[in-house]
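Take a look at the following structure, please.
Chains: A, B, C, D, E and F, in written order; residue numbering restarts at 1 for each.
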Amino acid sequence: MKVSVFRKEHFNAAHRLHNPDWSDEMNKKVFGKCNNPNYHGHNYEVIVRLTGEINPDTGYVYDMKLLSDLIKENVLDRFDHKNLNLDTEEFRNLNPTAENIVVVIFNILREKIDSAYDLKITLYETERNYVEYPS
Amino acid sequence: MKVSVFRKEHFNAAHRLHNPDWSDEMNKKVFGKCNNPNYHGHNYEVIVRLTGEINPDTGYVYDMKLLSDLIKENVLDRFDHKNLNLDTEEFRNLNPTAENIVVVIFNILREKIDSAYDLKITLYETERNYVEYPS
Amino acid sequence: MKVSVFRKEHFNAAHRLHNPDWSDEMNKKVFGKCNNPNYHGHNYEVIVRLTGEINPDTGYVYDMKLLSDLIKENVLDRFDHKNLNLDTEEFRNLNPTAENIVVVIFNILREKIDSAYDLKITLYETERNYVEYPS
Amino acid sequence: MKVSVFRKEHFNAAHRLHNPDWSDEMNKKVFGKCNNPNYHGHNYEVIVRLTGEINPDTGYVYDMKLLSDLIKENVLDRFDHKNLNLDTEEFRNLNPTAENIVVVIFNILREKIDSAYDLKITLYETERNYVEYPS
Amino acid sequence: MKVSVFRKEHFNAAHRLHNPDWSDEMNKKVFGKCNNPNYHGHNYEVIVRLTGEINPDTGYVYDMKLLSDLIKENVLDRFDHKNLNLDTEEFRNLNPTAENIVVVIFNILREKIDSAYDLKITLYETERNYVEYPS
Amino acid sequence: MKVSVFRKEHFNAAHRLHNPDWSDEMNKKVFGKCNNPNYHGHNYEVIVRLTGEINPDTGYVYDMKLLSDLIKENVLDRFDHKNLNLDTEEFRNLNPTAENIVVVIFNILREKIDSAYDLKITLYETERNYVEYPS
């Protein structure tokens, strides 16, 4: 009797899409406005889904307060009000597309959450563009 | 050619998280503010998903008006403007966590809906905390 | 050159609408389901609007972090996860309708905020019912 | 390492639910207000989900700008500000229920998108009624 | 001590923007896609704001249940699932722009609501286009 | 018979709050995380309100397509996917707080819109923080 529980948090960050192996022209062509050298930014919404059995003593799959704290300590403190390209280790050599960010957040949280729980992350870059991992 | 159809409804209820087998201290520690003896409350949003074949005569998987009525009669009339712990049979001896509520709603509706349809329930306790069953 | 700044916060509470000077029948007739003796509840969204001049040194009308803290200390800590009728001094003898709650919140914050700022409060009881004071 | 990417677009259209093989009475009984001979309408929200591998050169599963253009050219230009029953080939002989519309949109886009990508469409007819295909 | 209370309702309708005194060319030029002879449609959201004194017996400015019923009987029953141009008296000779619709709704409700209350109507035609009257 | 019409648009930008006349310590103390030297960013939502008479020939206060184009050309093309501090003339010597941004947008649009129309701008920096000018 597995139930999924979801917690939504948000962070605000600057980023720039850029492939250092490409010419400026090629970067401009592929990434358009997102390649602006001085960065732009987003209000990212992150939704963490855990799936597991209900604990009969608590009625919880996972304590939402603990999950919220876990996300704050491991994701928000790392990325909120940061420049993803310049201020974070994770995206120094990895293009901070929504796809790459969602995989990075998954990998960070996967280590912190008991493998008895299935984990899925949804990341909204804007209200109209979002990504999910695993698919 | 199966299509899923979704209907969203809402109800407002009071509840308190509490395990009668535990001391007050333990309850306070585990459930925090949600253990307040005088209850607190939520605007619950419930989304019912049915999956089935499109009926070629109607173009419907399920008549949304009938589904809305079914939810009203079986879920909203039972829980809306109620104290889940005191006013409902279902949660007299079951802690009304979002996880337990979503399973209860699933079981109520599962009996009322032809087994030819797959059924999934999503329940929002707040905009940032929600649950889904089956996972 | 006055600008209005808005900060949105939320709290979850139980309440019951009831006039102790009336018969049970009259209460039932006027307040309907909201008169349920065992309470029901809501996710309240509160929006605080301050209007004032932009401080040329900061570019702020009011520091949003300070405003958020002020709302937390004076409104959320008082009402969040509470039973408005039983757990709060403000509504012991005042019917906790959205209208009365919004006026109470206004009066609480008006004392804490320099009178140089105009103040207005919006309170959502549900997505479809909300109130504003002053009008 | 498959990631799903989502793009949300919208279009406004008129439609009428009607089965020409049925009597007016039967149509009225089954489709109710949606059978109004002079049509009614909706703001449709369409969400396109593509699932695939992240391209290591771009960090993209699919360029969201290209996906948005693809939806505009193939779905919005065809259905936006149209009467689905009268102005479109697809629904001349097919009842424009949300279920049928979502399958039609899936089939249109499936031809335009490399089969290496999984495709799923969500269509909101109103905030409270929506459908998904494949299920 | 005046408080404003708001009630949000919605209706779905078809319409067409057209000035019969103009040529087809002129209509097409001014109204673009909204001039489609076969109509298109919207999910309209209507917000009714009443401003008045709090009744000390009820704690209400206005009973939201009564306001909701009033809107249903006078606005939704008239316009929901209708073709505004063909099925309604109000727009037979009046172009059903959002501006004209909001004034019509105001005038309908103004007659039904005691003049002790100030009245304002907000009408969303889409999430990104809306109007308010009086201004 | 004045009606207000609203058009909502959005842009994504990076910024940093900083007063060059202050020490780094003072900047850090006042602006906190928003002072990050490498910038952070937001999805800004901008709502433009025009108030005026309904033109009896069109039923419009203002053509929403023209208003949308005007916002795109004068606001979005200038600020979207930009670093407000580095890439824009307006904020080279003006701290890009929400308050200052909303006044700048008002001044840009005020010049482009006939003075017969009243103008008000609302700017969302996040879902929970927003500003309005004039107040």
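Throughout what follows, contacts are C-beta pairs under 8 Å (C-beta built on N, C-alpha and C of every residue); 3 or more make two chains touch, one makes a residue touch a chain.
Keep in mind that what you see is a predicted model, and the values were worked out from it rather than measured.
Each step here moves to a touching chain, and the least such steps from subunit B to subunit D number 1. Common neighbours of subunit A and subunit B under the contact rule above are D. Using CA-based centroids throughout, the chain positioned farthest away from subunit A is E.
Of all chains, the one whose mean C-alpha position sits at the greatest distance from that of subunit D is C. Equivalent interface to B-D within the set A-F, A-B or D-E: A-B (over half of contact pairs identical by residue number). Annotation: 29 Å between the Cα-based centres of subunit E and subunit F. Spacing of subunit C relative to subunit D, judged by their CA centroids, is 41 angstrom. Each of the following residues of subunit A touches two or more other chains: 127.
Every pair of chains that touch is listed here: A-B, A-D, A-F, B-C, B-D, C-E, C-F, D-E, E-F.
For subunit B in complex with subunit D, the touching residues are 1-9, 51, 54, 57-61, 63-65, 118. Taken in their complex, subunit B has these residues touching subunit C: 10, 12-15, 33-34, 36, 38-43, 80-83, 86-87, 126-127. Subunit F makes touch with subunit C in their complex at residues 17, 19, 21, 30-32, 94-100, 102-103, 127-135.
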